[in-house]
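Here come two complexes built around subunit A, the first alongside subunit B, the second alongside subunit C.
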Partner chain A sequence: MTASEATQPGLRDRFIGWIEQSDRRIVLATVAFVYGVFAILVILEQGLGLGTVNSIFGAWRTITFLFAAYALLTLALNLHWGYTGMFNIGVAGFMAVGVYTMGLLSTSPDALSGQGLGLPLPIGILGGMIAAALVGLVAAIPALRVSADYLAIVTLGLSEIIRLSAGSRTLSNWTTNTFGAGTGGGSGMDLPDRPTDFIFNSSIGESIADVFTVDVPRIDMLLFEFGNREVTLISSSILSDFVWTFVMLLVLAGVYWMVRRIGYSPFGRVLKAIREDELVAQSLGKDTRRFKIKVFMLGCALMGLAGILWQGSQGFANPNSYRPVVTFYAFIALIIGGSGSNTGSVVGSILFVGLLFEGPRQVGAIISARLNLADAPGTFDGAVAPLAQLDVTPFLAYAVDNIAPLQFVLLGVVLIIIIQKRPDGVLGDRTETAAAIDLHKEETNE
Partner chain B sequence: MSDATTTPPAETTTETAATPLRVEGLEKRFGGIVAVDDASFDVKAGTVTGLIGPNGAGKSTTFNCITGALTPTDGEVYFQGEKITGMRPEQIANRGLVRTFQIARALSEMTVLENLMLAPKAQQGEKLWRSVVPGARQGVVDQETELRERVWETLEFFEIDHLAYEKAENLSGGQQKLLEMSRAMMTEPEMLLLDEPMAGVNPTLEDKLLDRIHSLREDGYTFLLVEHDMDVIMEECERVIVMHQGSILADGNPDEIRDNEQVIEAYLGEDI
Partner chain C sequence: MARFQLFSEDSETPVVDAIRGRVLLTLALGVAVMLLLDLLAGLAGIEIAEFGGRTLGGEIELSTVGKRIWTGTIVGLIFGLAGIGLSMTYSILNFANFSHGDLFTTGAFTGWGVALLVAGWGVGDAGYLLLARSGTGPSSTDIGASIIASPLAILIGVVVAAVATTGVALLADRFVYRPMRDRGGIPLLIASIGVALALRSTVQFVYGPQTRGVTGTEGIERTDFLGTGLSVDLHQVTLLVVALGLMIAMHLLLQRTKLGKAMRAMADNKDLALVTGIPTERIVRATWILGASLAGIAGFLYVLERGTMNYNVGWFLLLFIFAGVILGGIGSIYGAIAGGLVIGFVHEVSLIWISSDFNAAAAFLIMILVLLYRPEGIFGGVTTA
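Right after this comes the complex of A and B.
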């Protein structure tokens, strides 16, 4: 072993130790890591070139947007499951309540599909959060009277009822005729524009877009002409999405601040006690039902908000976006990060979105771009049989063609590995003491 | 323990002050089984009263009925003159009647410090908005600072301060019993119900625990304890209540109980 090899781990350990000193560094390091992975993946797919810059930013836009969305959901879920031990598997439903309530309040009455009351957007957003909290109350009250597992059944059922109600044409027609607002049923509901879009619909947007457009010298060999070529480094649609994503990140920072304060407080202490042993908390005089109802409503309101910022920012709501799988994705992000840790929830969301959700699709794109695959075989037999002749191309083509189902296989494998090897997730084994102050004994000057 | 010891049981009328806990005709049925059958007894202030009986005599069920974990089928429980039958566990605990559990129920994933910080009543920070809103949090921080001092005093009193930063699950069974009792003390109770406080506790810790019960009784606390260890009962309790098949079999001082034929029979010749 050479000297340099011997010092290498020391440096590496010191670097990791330095990052672990602060939560901010952990989050930023994880983001930087995922950004780096995606930059490499995009370069592998497209090669190096000025146009690649736009694609890299496009990939970053997608993961940052999804990360912000999932981090909001996961933080809310962490309040329910990580802190209080309330098994809410109706996350998607509470998102839907938020989005559709926002739509019913703020969508224009003249919208093509699904009509709203046309109230200002802030009222819609607030209304959406309140509605999600109230639906949470409706779910929590009966479920609190029975044992905890029933909450899971109630929330899952409720979430599906909400999704199916939102997709009901009959219900939509009836509410439109009666109250002047309806969800649009299966054909979906038009939603208000993102409030940040005005920037890029104005001259400010053009001048911002200009900054990211560069002139590249160009030589036309045939005509012996010299000239310039305009290259868009980052397209204005990506820039405009980034502005919205930035708003989401600001909200995420605010929500993170809030749930962290809850975690480090006597309120959070009671939540943890409820998770550990509700009867003990009661025997110490804590009215656990009140705590559970409060935290459940708060979490549901945050899920509604996450829904509004995420699905509600797409200009269109569709009942199919609120399938239970969204709930399970949020749980996976929470389990990866470490249930019970707020920073873990954020880190878990980055890793989930980057490596499990968007990563496989990007890898699939690389394979199809680089290997020049023929048409994918239509059946599994057709994919596997050529392997006998050591021909892997049909199998790869088949795999790339079925990247979405394969993703589920990957998720399952990752979950099994985590639960086996690191059941506390990335950060779940940390001790985040639930108190508003440092509990170390005060040293008296003797 | 300055803080905890300066709060002796509240004085109401002389009668209720003398007997803080009164159980009248308590009955609890589970389907066809009568776990507690017309049990009546009371506990005098400032005493250590033992509740004994063979397995299945209904001791723990009685405890659960008194503390609200179970709702009795019939009968009444009075604490300091107030009827507490059918109240929820937290309502009873908030009136100063606090229990520990037969099998130590530490909050395992929480540290010893968190366990104790949880217990005090009327914590401002248990209001959600107070914990979040920037201006309101200062009051919470101040109260936490006060509580921290009391927590450390209590930990030192029970001699588990060296375990303060450990997760409760890492403590031994006996240490968890001490943790439970110190946690109960943090609520500043009027009276403590201890369900087999010595079970699974090694002799050294047992002495320590008895020591603590002694000095707390000197300070005017009232104890009702379920215990299997006859030596402990006979030595420590001023009064012993014996349960058998759900009913009260005998009630008297240790000497009377030792000579009671029925009690000896109930224990099938076990040496009392």
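Right after this comes the complex of A and C.
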């Protein structure tokens, strides 16, 4: 934004320009935008009422939770792919290592399914991260010799091996008998409760929950009649989920700060140099393999942490949650935001979760709630046949009924369009260069 | 790799490398000998006590081993057939096509939809049959789509699988890959992941999510096949015959025709091929047509042998197909066939020693080891299709 170019900027341009001045504003504006969209979507679905507040907060809770989870994953992935140029598509596997190690260490020995050693949770979390980093080391030492597309296949194969091992009943029985801890095989593994849950099981929690409960007579005067009862604006289960989500956001902020520091440190500059031209980095006397192994391990540890905070917070681990498709989601989020940029990773995660992951379901719910669709036909031919008589209702009903596959079609198409038309992501080219000083002529935002 | 040898690895002399290679080879041989000993002892019914409470040998029936080898061959042929296309797209278009498994699925569903329509004409509603038994209607036994009851339906199914898959692949090439032809392997790989997601979900949307049985099995199991005393599944025989026929046809096409020569030239050196006047875009289209139809037919045949399918069938097999292609040396169709057979063998025969939780992991492990220690494939650097 030079002065000569913007002689008479409109209000909208000035607003966008103001937002673009700092990364924090970009992130906050995107979050506000997605929150606003979801508030409108929920109101469209349910109409206005006292329960709407609860639903809106529920929707916000879900997107914030998923956003924090994906942002952690994309930041870790950005270390691998965006900074160093290592194409790791085994993210799901490293997450699984983190979660299952945490479970093996910290789940109580008399859990219903699976068995752990019952150690304190911090040890479990630390152990999970260390285990993910070690698996990363085992993968990295030899794998870094191969080219990028081979690395992709190696990491994908590794993540499948990890998933199959976690789901193996034989292995679980053997480790349970030998070490006293096992994954529970295909039936999954119980995990420790979230450490924040105790707040809501105590009297403090009750008083917090009370704040969000409103006496209807008081509202009556302001709004409209509702009968004489207490209304919970936000249910305590959503509140306790929000507290956990807040913890995740704090961790996210810490990780963001850390990777940013890494990015601008001498270490980070070597990583970027490796991405741009490994031969040059080697010629300058940098042992690039060592750098790659270190950053690979660090990224894997962060993936393990992301897995623990996300999947590990749901009280139960199932091998099927670690299918390769999770990796692809993280990649879509990273590519939308623009790989190579930490802010891009975070913004991409919000947009992915809000507009691609949760958005379509919400729209489907609105259509089925608002349009009075008849019973959806059970099969595709039942949906298509009436189209000949220009009757789109059965097709619409079928589409709403089968919104999940349509959403994946959308994901695939968005991925293709972005990689074709805007490979730098929505924020444009924000890839940090390896040079310590800015070599570009134009003003940068960083 | 060459870069590393110039700089960071100059301390390692070829001698060290050779020794390291020898150690790995010895280790692999040792494991193989142990497994073989175990198998032989098992066949003989001897149980030898070994360290750590493990035993060598035990009870293994000869017929079990034979059966495993046979199913390994069948599965391996499927991996090989599907791998040809994957290998060709890798060598000619220079990217690992992650949507190849979903081309396999496309072939299975479109082919079986039409095959059921032909076989079950008059038995059930046309929409139900064309959507490969999505919804409610007659059972697969009533429709009876088998090689005995309705060979014509199977034949038409094979053709439709090839044609429909080719159509889908050409569409994907036109709208996805062609605009980004010169963008390098990784962007194309990412785009192919997008195609894979979209394609698989479209199949799920159209045909429905449930796993369904499609083949008729009456009279398929022949206990005394052609008087040899062997028990044989006729659908497996069909698969064997069709797959071998197609592989031989591919070989002849690549070696004897001008198109094949052009394809091999392009796999070797794209710029040189272009300079020589080879119409590269046309070769690319031919690659997609051949690769996709083989993938589609492989999908159809796999379901013929298995009897059931769902929309994930190809995606779940993709990594095995990759494993075969890599094992044989990526870029070579003979390698793809041989590698596919080896992976099929590993997948089935390894069940003799390890539990069924791990046979897939064993196949993937072999793939990773080959990628790491012999990226040119076990049959050594044949990169020309």
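Rule of thumb we're sticking to: the second predicted complex is superposed on the first by the 409 of 446 C-alpha atoms of A that agree within 3 Å, B and C clash if a C-alpha of one lies under 4 Å from a C-alpha of the other, contacts with A are read in each partner's own complex, and residues count from 1 in each chain.
Here is the rule we go by: a contact is a pair of C-beta atoms (placed from the backbone, for glycine too) under 8 Å apart; a residue touches a chain by one contact, two chains touch by 3 or more.
Model, not experiment: these values are computed from the prediction.
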Worksheet item: Who does A:408 touch here: subunit B (first), subunit C (second), both, or neither?
Response: second
Practice prompt. Considering only touches as defined above, state whether A:150 meets subunit B (first), subunit C (second), both or neither.
Written response: second
Practice prompt. State whether A:294 touches subunit B only (first), subunit C only (second), both chains, or neither.
Written response: first
Practice prompt. Considering only touches as defined above, state whether A:380 meets subunit B (first), subunit C (second), both or neither.
Written response: second
Practice prompt. Once the structures are superposed on A, label A:282 by its partner contacts, choosing first (subunit B), second (subunit C), both or neither.
Written response: both
Worksheet item: Which chain makes contact with more of the residues of subunit A, subunit B or else subunit C?
Response: C
Discussion item. Tell me the contact category for A:363 with respect to subunit B and subunit C: first, second, both or neither.
Written reply: neither
Discussion item. In the overlaid three-chain picture, which partner chain does A:419 touch, first (subunit B) or second (subunit C), both, or neither?
Written reply: second
Worksheet item: Taking the contacts subunit A makes with subunit B in one complex and with subunit C in the other, which residues are shared?
Response: 279, 282-283, 287-288
Practice prompt. Report the residues of subunit B in contact with subunit A in the complex, numbered from low to high.
Written response: 67-69, 88-90, 93-94, 98-99, 101, 105, 107-111, 113-114, 117-119, 121, 123-128, 130-132, 137, 140-141, 144-145, 148-149, 151-152, 161, 164-165, 167, 183-184, 187
Discussion item. Which stretch or stretches of subunit A touch subunit B in the complex?
Written reply: 258, 261-262, 265-270, 272-273, 275-277, 279-288, 291, 294-295, 298, 340, 431, 433-437, 439, 441-442
Worksheet item: For subunit C, which residues count as touching subunit A in their complex?
Response: 1, 3-4, 7-8, 95-96, 127-128, 130-131, 134-136, 176, 179-180, 183, 185-187, 189-191, 193-202, 204-209, 319, 322-323, 326, 355, 357-358, 360-361, 364-365, 367-368, 371-373, 375
Worksheet item: Inside the complex, what are the residues of subunit A that reach subunit C?
Response: 87, 142-143, 145-150, 152-154, 156-158, 160-161, 164-165, 167-171, 185, 278-279, 282-283, 287-289, 325, 328, 331, 335, 378-382, 385, 402, 405-409, 411-416, 419-420, 423
